[in-house]
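Next come two complexes, and both contain chain A; in the first it sits with chain B, in the second with chain C.
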Partner chain A sequence: MKFTGVPILVTMVVGGVVLLDFFVKQSNLILLSREFMNWGVIISAFATGLGAANLLRIHAKRTQLRRTDWWYSGILLCVLVGYTALGVLKHSSSSQYQFVFNHMFQPLSATVFSFNAFFMTSAAYRAFRVRTVHATVLLVSALLMMLGRVGIGEVLYKDMPGIASWISRVPTTAGFRGITIGAALGAIGLSLRVLTGIERSQFGGTGGGGGAA
Partner chain B sequence: MNLWEIFQNIDRRVWYVLLLVSLFIPLVRPLGLPLSIGGEARDVYNTIEALPAGSVVIVSPSYSPGTDAEMWPQHAAVMQHLMRKGCKIIQVSLALESVMYAVRAIEAYAPKYNYKMGVDHVIMPYKAGLDVVIASMGRDIHALYTEDYYGTLTSQLPLMQSISGIQDIALVVDFMPGNTLVDYIKQIGSVYNTPITGGVTGVCIPTMMPYVMSGQCRGLLGGMRGAAEYELLINSPGSAIGGMDAQSLSHLLIIVAIALGNIGLVAGRGLRKGGGGK
Partner chain C sequence: MSLYAGRMTHLLFFAAFVLLTWAGTRRFQRTGNVPIRRVTGLDAFEEAIGRATELGRPVHFSLGRGLFDAEHGAQTFAGFSMLKHTALMTARYGCRLIVTNQSPQAHPVTEEIVRQAYVEAGRPDDYVADDVRYLSEQQTAYVSGVIGVMERERIAANVMVGYFYAESMMLAETANKVGAIQIAGTANTHQIPFFVAACDYTLIGEEIFAASAYLERQPVQIGCLVAQDYGKYVAAGIILVGSILATAGYPFLSQWIKK
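Let's look at the complex of A and B:
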């Protein structure tokens, strides 16, 4: 049996206070809620640091043990340590830090992301086939959206942007609104389960159950 | 392999080369294709246009270099419009890399509009936590940001001294490839009635449309087209208008690819039914 009583209690108190703050305007409650929110930001920052430390540990070990493709881990370590040192010693507003960002990281990152355009072209060619009625509906709406979002669509038919806008505003919105409301109801249910200690998967277990800690 | 089978099995490398060419040609020789302005972009423009000079606006560039091509032109165009209107700007960053774009926007446009740091604009440092940060911003922005990006105490900055809290913010403009615009609507727009607007990547438009249609989001800039429309609205052509021709041709290529695949499929099917297949 895991010791989960204290984390559940902390979750109940913190979650309860922040939730109550939305409905009850009481000065002490507001102050306490603000404090908890600031703790949340600090914990998030700590989690980011923990992630970086974990990355460092894993890749240092890979490099040390010369595992397969260990040099990639070595490069990662050099960049992680070097760029962090540059930020700490010179500050991220320094010209050196910004040079690395603007002339190395930004173009590399944008290049990797732009590969998607090539994969999407190939995938669209292979996937969009009129094999069923559903596939045909998807294909037609995709074609109208693609033409409606670019200038060449207007050259072919002047009302094309209006058609794309209608698809976006009416059927798409209707579908997404349903999904959003459903997801929100699910989130409320899950939040209540966490707050009341029924949901415990965040402690590493399988969740659910409702038994005592 | 007959013609219809060839249509269905064109090597992906052929498409890669054709796409590269279709993107490259318009960037070298712009085609000047027409571009109409949609209602969503016009709503963003009207919302900013209605702000009185001196209004304090939070601009939140929450994107990273991967979505730079779509998000930066939106960010740049809105920053120009806000500065032209004389609005005070607080830039907050919810993504680790986005603070660099806040700096870039200031370096690009502040000298032109004579915007002074701490007086007309402030750049806040990155804070981890996404919606927790947004909620904290609503509760107490001064407690959340005690120093600006350059390490100056925010209590010493005239712009920050002029606001007591989120109720003094006239508008929040978020640029996101993820979910932060929805978080702003949930944590600030719905709770404090602060107007929210922003821009998203093309693929995020369907996610945001319910909020735009309900009026919770005052208009929307969608992808590169949204940025191009905004550049037209503020009469300041930039990289988005230039990129729209390339996007037009690449979309056309994808449509041709889909058409060829389907012609091959349908014709091949007809051939097999008629007994002409292999």
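Let's look at the complex of A and C:
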């Protein structure tokens, strides 16, 4: 077991100050709270460096040991180092830097994002197979929603867009709000446990989520 | 020193939640038994990791965005809790665990959680540092990386708990394609339908926050669960009474809540 006393104490003090600042209007408290939040931003910036270091370490090792598909790791290393060097030498607002981003990264990104359409279709096909009452309700709601959002729905039945709109506004919103209220209460409970040091899984130490048999 | 306008009710609710937690804790300590609703998604970990162990294939874990800010932070912490549980199980079963990170902030934390879980399980030598990977902060780059990991490593189980955006569907469908059993949870209402459609077990909203309490059953954690349940009854009551009063032309409850 490792010593987690100091991180817990830091969590309690920082979290307590920020929480108090949410409720109480006091100039020193505001200053202290903002200072803590600025520290958070600085620590986050360091974490980005750690992430890049992890990428370099893993892919350099893969390339060095010639593991399966090692050339992908090699390409990643070349791009990572080359693009960082370009940003440092030419600045991130330079035309060369922007060219790589706009003409290589953006189209690739859009391509990957467009997979979503196919993934949604295959997931919907599985989910809508009428095997249970829940799946039937899902199928009927989805059919009404889809028909209400396309022109043919209105041609078939003039109130179809209204039905789709009602499903979206009333039962869906009611369900979403119920989930949101429950999640908010859950988040308060978890935050309370983190602030009081009862939940410690984030330190990798004892407590929290350690119920594996 | 004064309270900010509009936060009096927040403070009262928070104080009530703390009191309910204390009362729930005391009740559990006194009686030793507080009924807790079964959460199928949490019970399924045994099945998912057991199956991966039998097949000799790895388990994949993702925290989603892994952000620490106000809206997402609590879900990321819930993900940490689930990661610890998953890592302890994989360490004890001798199953390989691959963790992919989208957030550089969450990455060192996940490394420490997994490493410590292997130490706690008495198998520190089984911990493989290269299996906790930071991929990219860019959503589509991260998704491409994870799809590659899932396809190459032929994962047998996929656990996703945290705050997810559009990556939820892409990851869940790829894991389904490689035949992985899936447990997913988020409180992002826009992504829950995707998880419900694509995954075998879904932890909906509050269930991800209740995980550690459900699994550990420590008094204060149980107290928090009791407070959550009573909090829901109170919220439902306020909504019901407030709606009736507002419809009848007496909106004082909704006005009081805004104080």
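Operating definition for what follows: the second predicted complex is superposed on the first by the 185 of 213 C-alpha atoms of A that agree within 3 Å, B and C clash if a C-alpha of one lies under 4 Å from a C-alpha of the other, contacts with A are read in each partner's own complex, and residues count from 1 in each chain.
Here is the rule we go by: a residue touches a chain if its C-beta (ideal position, glycine included) is under 8 Å from a C-beta of that chain, and two chains touch if they have at least 3 such contacts.
For clarity, every value in this text was computed on a predicted model and none was experimentally measured.
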Query: In the superposed arrangement, does A:Gly182 touch chain B (first), chain C (second), both or neither?
result: second
Message: After the superposition on A, what does A:Pro161 contact: first (chain B), second (chain C), both or neither?
response: first
- request: Check whether A:Lys25 is in contact with chain B, with chain C, with both or with neither, and answer first, second, both or neither.
  value: second
Query: Is A:Ser94 in contact with chain B, with chain C, with both, or with neither (first, second, both, neither)?
result: neither
Message: Between chain B and chain C, whom does A:Arg126 touch in the aligned arrangement: first, second, both, or neither?
response: both
Message: A:Asn102 in the overlay: touching chain B, chain C, both, or neither? Say first, second, both or neither.
response: first
Message: Contacts for A:Ile152 in the overlay, against chain B (first) and chain C (second): which applies, first, second, both or neither?
response: first
- request: Check the residue A:Leu50 against both partner chains and state whether it touches chain B (first), chain C (second), both, or neither.
  value: second
Task: In the overlay, answer first, second, both or neither for which of chain B and chain C A:Leu143 touches.
output: first
Touching both chain C and chain B, counted on chain A across the two superposed complexes: 22, 40, 43-44, 47-48, 105, 108-110, 112-113, 120, 122, 124, 126, 176, 180
Field: Footprint of chain A on chain B - complex, ascending
entry: 10, 12, 15-16, 19, 23, 31, 33-36, 38-39, 64-69, 96-97, 99-100, 103-104, 127-130, 132-133, 135-136, 139-140, 143-144, 149-151, 191, 202, 205-207, 209-210, 213, 223, 225, 244-245, 247-255, 257-258, 260-262, 265-266
Task: Report the residues of chain A in contact with chain C in the complex, numbered from low to high.
output: 1-2, 22-26, 40, 43-44, 47-52, 54-55, 57-58, 61, 68-69, 72, 105, 108-110, 112-113, 115-116, 119-120, 122-124, 126-127, 176, 179-183, 185-194, 196, 198-199, 201-213
- prompt: How about chain A: which of its residues touch chain B in the complex?
  reply: 22, 30, 33-34, 37-38, 40-41, 43-45, 47-48, 91-93, 98, 101-102, 105-110, 112-114, 117-118, 120-122, 124-126, 128-131, 139, 143, 146-147, 149-155, 161, 165, 168-169, 172-173, 175-177, 180
Field: Footprint of chain A on chain C - complex, ascending
entry: 1-4, 7, 10-11, 14, 17-18, 21, 45-46, 68, 74-75, 77-78, 80-85, 88-89, 92, 101, 104-105, 107-109, 112-117, 120, 130, 133-135, 137-141, 143-144, 148, 152, 166, 169-170, 172-174, 176, 187, 189, 192, 194, 196-198, 204-218, 220-221, 224-225, 227-228, 231-232, 235
